[in-house]
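Each of the next two complexes has subunit A plus one other chain: subunit B in the first, subunit C in the second.
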Partner chain A sequence: MNFLLKLMKKFEPPFKEGRLKRWYPLYEATETFIFEPTVPTPGAPHVRDAMNTKRFMFLVVMGLIPATLWAFYAFGWRPLAVIIVSYAVGGIIEVGFSIARKEEISEGFLVTGLLFGLVMPATVPLWLVAAGVAFGVLFGKEIFGGTGRNPFNPALLGFAFVYLSWPVHMAPSAYIVPTMHWPGYLAKYLHSGNMMVDALSGATPLSMAQVHGYHYALAHYSLTDMFFGFIPGATGEVSAVLLLLGGLFILVTRVANWRIPVGIFIGVGLLSGILYAINPGKYYPPLFHFVAGGLMLGAFFMATDPVSAPDTQGGKWLYGLFCGMNIVVIRQFAPLPEGVMFSILLMNLFAPLFDEIFLRRRARKEKAYA
Partner chain B sequence: MSHDVNPLVILVASILTNNILLVYFLGMCSFVAVSKKIETAAGLGAAVIFVLTATTPINWLLNHYFLEDNALAWLVGPHLASKVHLGIFALVFFIAVIAGFVQIVELVVERFSPALYYALGIFLPLITVNCAILGGSLFMVEWKFNFMQSIAYGFGAGAGWALAILVMAGLRKRMRISLVPRGLEGMGITMIVTGVMAMAFMAFNGIVPV
Partner chain C sequence: MKHLTFNGGYQFNFRGAPSAEVVDVSVGESLRFDLDAGTVTWVCEVAQGAHVDAFAVLARAKDAPEVCFVSPVAGTVARVVVGAAGSDEGGKVASAELGASDGAAGFVEVTPDDASATTSPEGMALDGSWSDQRNEARAAVARAGLWWRIRDGFTGAVAGLDDSPEQVIVRGLFTEPFFPVEEQLAVERSDALVRGLEVLDKLAGQQAPALVVVRQGMPKELSELVKVKSVEIVEAPARYPAENPQFLDGLLAGWSGRGSGRTWVIDLQDVLRLGDLATTGVYDVREYVALAGEGLSKPSHAMVFPGSSISHVLSGDRAVSGKGPVRVLLGGMLTGKSVSLDGWVTPGTRSVVVVPEHQKRRFLGFLAPGLDEDSFSYGFLSNLAPGHARGAHAGLRGQVRYCISCSYCEWVCPVGLNPQTLWKLGDIGEVEEAASQGLMRCIGCGLCSYVCPAKIELTADLKRSQEQYRQMLAEEEAAAGAA
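For the complex of A and B:
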């Protein structure tokens, strides 16, 4: 390690004050990628302790690894290509803006790029991935000044953009049915060209339920299939159990605040329970809501983004509850089969107002004591 | 939209799925200018709700009994009424009603909340020419609403506008920590954020059958 450190330090002078000064962010990123930096994070977000943004983001990525590996098993190597394109395109934009702003390159993108790849269907065209991630990073983050200064989650914004712009590529026919037989599609690279030969495309349980009712969806895939991940869906969202595992990991390490996912689950359970009690033939049972679709991915990894979520504890509860209820409303009443991503994006908009309610209450209380 | 839609459905639709600001992009100028602070945004939102709720049904009556083709039959008989076409004056009459109501709002706000009156400044009397409010009356005519529906629509459109400006004021407060490129500061970034809001609201598209 000493030898590596010496090598890095040898290259430092031209970057620090020499002729390569403009490219210093690139040097800094490489150095702190290999070695622990001795200075704490100077800017937003999280200035509280020695835990810096880089470690923080790595923990989130670690939480996502089980679900990502499952995506390779269930849908072949195509999801890996999607993630690589997502990282490459978004990374170039991120590095370009960091250099232009003369700031360190932020690791927030490691999470955004991975999350964006995981919400795409397996056979999505790669140019569409590039367009979506570019839009998300540019308009969701960079024009607000980069990581920590953005009011929306960039991965969600990119998703909403491609979903509304190219609905054909996000239609039910873009999703692959995973095989139950070992070794899954591990040896295959499935895309829209060879998909019909090597694998079947199939509607997700939620779009089945929307068209034919949830009984039809349950006749095709049991709740256990959905829980373990043998259903068609976006590459990273299908296995509820692995996402639960990763989600608990980021809750235990305190990277994510537990109030938000718990609030979302209460909101979904409450509203879907009421609707199910009113008309069990038409409205989905609560358990179906939990395991079908992207609820686990959204609740643990998207909604808990500390930058776009509310800061106050009460605000987090409201944010989660409303988000959960909104998910049920969209799934049951809107023409969209799945509402997790849009609900969280909507709640991103309302997050500052939720905060405002509790900040004002606190200010009033303090005034009353004084 | 047509005659048989329940006014409650119209109320929900005009707030969420057919939001007058986020879907039709009406009333943008005061939306961009007054969304810097939450208090003033809430004040202007309340004023818009009041004016829209009051003027849309009044303009409905005006349109139904005076301006529409054959509307004057109750006054001068069907023969003469079929020769009079006052519809071309609709804009003038609608604006006159709106201007009257804005005057009332202005007097009330100045009397009871001088701070809000000065914070809103020129934008309070400018509600008169806020396209969201005239738009409310014109859509009501275009979609052939009945009286109850036009009350629901007026209130819903106002509430939708107020909701949008409140959300924007919250976001702009949060964006004080942002480092927006100089060329996009103020107006530019507000327009982009409005676009994002409109995108997110598209999730509700088609939630109610109108």
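For the complex of A and C:
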């Protein structure tokens, strides 16, 4: 691969000290993406852990791969176009801001771009994907200073923007019902123009449950269907089992902090269990909550975004618990079918508050040591 | 027997560990000693051209003239340079790294009489005779050039000659790669150890127990050997930074009960020296060090004269393997100091580590399965085989980014701090807030910097914040005094 590096180095001078100097972050990002950089440690400690942000973000993407592949099976090739647009538009904004700030391009967008694509319905217009991801990256992250300083999960903020601004494109008619027959829609490209011919659209189980009660939803889709992913929904959220696999992967590799998903599951299980015990006819059973919507995607991949979550470990517990309970509250009492994304966004806002509780606790403890 | 437990910490397993073989390194052509040794500032006692005997006083501590630094060999004082060599004024250059400075305050160079000497001179009588009285014993140890090896656990400075410590910590366990295993030394030289612990008991006074820190599941002999009154064995997990003096002080004295003069810290091999001194009147001046790291073809232990040039120590069989550029470290991989081959082995050095510099730019490195990577995360295939030693090099292994709040630093912090919060507070200048979060308890072990995926220099930055906070307190005090 030496020749490739030599070739790349030929293009470096104008970027480094020349007329393309302003575009240096782009060159730098490309070069270090393809060839691992060799920066010496500036001092003690003289050796460093092999983990870095590129690998870190790449592992999250790895965790999402099973669910992404399922999206292609269940909804055809359209989700790929959505993901490509999401990466391209978000990437341009990221690069633009890096150039303006004269900073290196950070890797956080590798995850945001994919996540945003996975929370969209398969038939969503591509211009809407572009608008959503642009809003999310711009107002969720860049105006606060870029990756590491973002108070919100950019993918979620983009989703909220699209969901509230163009509800018609996120309505039940936008969602495709996956087929049970091999090879799914693997060979198809389903968009709003041809989907009525080649496939069926349908409300998600949560929308059904909101309008007609959960028994109605369960009459259409069994819990097993939901668990394996044979339900309509956002492209990346439907297969609970594959998200569980990917989620366990990022927990085991320590890329995500286990306290957050565990906290969310406890929160959801606890509150939904209590409600179900009170009125099993009206409130959803806990298992339904776990597999019917975006809970797995949200708990493992959205809420665990370390930057927008609290820093303290105790804060992470509270964040997870409240997030989980809030999901149940929204699903059962708010005029929205799904509450995962909004719960997490809301908890992003509360993250500094949860931290504050534990920072004060620590300050009291440290006082005794001083 | 006590058991030491702590959360966090990290067990390193790098290739290049020293073999059990102990090599005798000859004295070399000259020995050089920095007058600014980091924790001590020495004032030179000898003139250029003078002849000195072994154990003759070369320098005295600036703050405590009774504390001597003695010549390890008989020889001629070849050079005395006071003040920074090459710079206008001495003493101005502050060391940015942990450990000793680069001879900024000058140095003394001694040329040994017999360059082929390989062992320390025997039978050289010291001035004054050994005494059982505490103060006389302290004076004798100070004169013999061993006192500066006793450190204050709280400040890290040389112990005060009029201290009344409440406990003495003897470090027998070292976990930083690559420090020598001192337990073995203790088993082999049990008589000297017993005698040394008796001397230590005398030096510290009656109320101070000696806590000998060793590895869990230590050699049986050790527990039977140590029958000295007021000695207690402390078993610690072999996780870095179990040997950090400030850390041990905090764990054994309690973080709330700390203060200067309360805890002494001494290394096990220095206790052996004390024992020899009391028995024979002399001791082996050579440092028991590890010569290790992947940059050496035959890593081993060695007996090295303090002040030897590194190029002499790493010559012959012990030479750098020559596969590309390397970094030579005095001390361990985490807290050591990078030196050139023209450097000198500082007295008290425990290891000379040679680490390869990072050179190879892997194609799509972040996609690599990672068969030879050491990582706190489990993001590499090599994590599936935890018993295998990994390669290490002096590269960042990534690029510097803003904190992504992954919490790895909090996970490994042995003191139980939250380094990422401290760092962020320091980054925006809120050092007071950081201090309320325990900033001043940071022991500078380097683990947070080690694990950081965003490659932030947490250890150095927190150290700077600590200094800022100290300065702030001093200014406030001065202002209060003026008002």
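Everything that follows uses one rule, which is that the second predicted complex is superposed on the first by the 357 of 370 C-alpha atoms of A that agree within 3 Å, B and C clash if a C-alpha of one lies under 4 Å from a C-alpha of the other, contacts with A are read in each partner's own complex, and residues count from 1 in each chain.
What we mean here is this: a residue touches a chain if its C-beta (ideal position, glycine included) is under 8 Å from a C-beta of that chain, and two chains touch if they have at least 3 such contacts.
This one's a predicted model, so the numbers in the text were calculated from it and none came from an experiment.
S.K.: Kindly classify A:Leu353 by the partners it touches after superposition: subunit B alone (first), subunit C alone (second), both, or neither?
M.R.: first
S.K.: Check whether A:Ile274 is in contact with subunit B, with subunit C, with both or with neither, and answer first, second, both or neither.
M.R.: Neither: A:Ile274 stays clear of subunit B and subunit C.
S.K.: Looking at the overlay, does A:Gln313 come into contact with subunit B only (first), subunit C only (second), both, or neither?
M.R.: Only subunit C is touched by A:Gln313; subunit B is not.
S.K.: In the superposed model, does subunit B or subunit C contact more residues of subunit A?
M.R.: Subunit A has more residues touched by C than by the other partner.
S.K.: Just subunit B (first), just subunit C (second), both, or neither: which does A:Leu345 touch?
M.R.: After superposition on chain A, A:Leu345 lies in contact with subunit B alone.
S.K.: Go through the superposed model and pick first if A:Thr53 touches only subunit B, second if only subunit C, both, or neither.
M.R.: So A:Thr53 only meets subunit C here.
S.K.: May I ask you to decide whether A:Asn150 touches subunit B, subunit C, both, or neither, giving the answer as first, second, both or neither?
M.R.: First partner only, subunit B.
S.K.: Just subunit B (first), just subunit C (second), both, or neither: which does A:Phe139 touch?
M.R.: first
S.K.: Could you tell me if A:Ile92 is touching subunit B, subunit C, both of them or neither one (first, second, both, neither)?
M.R.: neither
S.K.: Per the definitions at the top, what is the overlap between the subunit A residues touching subunit B and those touching subunit C?
M.R.: Residues common to the subunit A contacts of subunit C and of subunit B are 44, 145-146, 148-149, 355, listed in rising order.
S.K.: Mind listing the subunit C positions that touch subunit A in their complex?
M.R.: Listed in rising order, the residues are 14, 96-98, 255-256, 258, 327, 329, 333-338, 355, 357-367, 370, 373-380, 392-408, 410, 418, 420-421, 424, 436-438, 440-441, 446-447, 449-455, 457, 459-460.
S.K.: Once bound in the complex, which stretches of subunit A touch subunit C?
M.R.: So the residues of subunit A in touch with subunit C come to 1, 4-5, 32-56, 58-59, 104, 106-108, 145-149, 252-255, 257, 306-307, 309, 311-313, 355, 359, 362-363, 366-370.
S.K.: Which residues of subunit A touch subunit B once you look at their complex with the stated criterion?
M.R.: Contacts found on subunit A: 44, 101, 139-140, 143-146, 148-152, 157, 160-161, 164, 329-330, 333-336, 339, 342-343, 345-346, 348-353, 355-356.
S.K.: If we count contacts the way the header does, which residues on subunit B are in touch with subunit A in the complex?
M.R.: It is residues 38, 166-167, 170-171, 173-175, 177-181, 184, 189, 192-193, 196-197, 199-208 of subunit B that touch subunit A.
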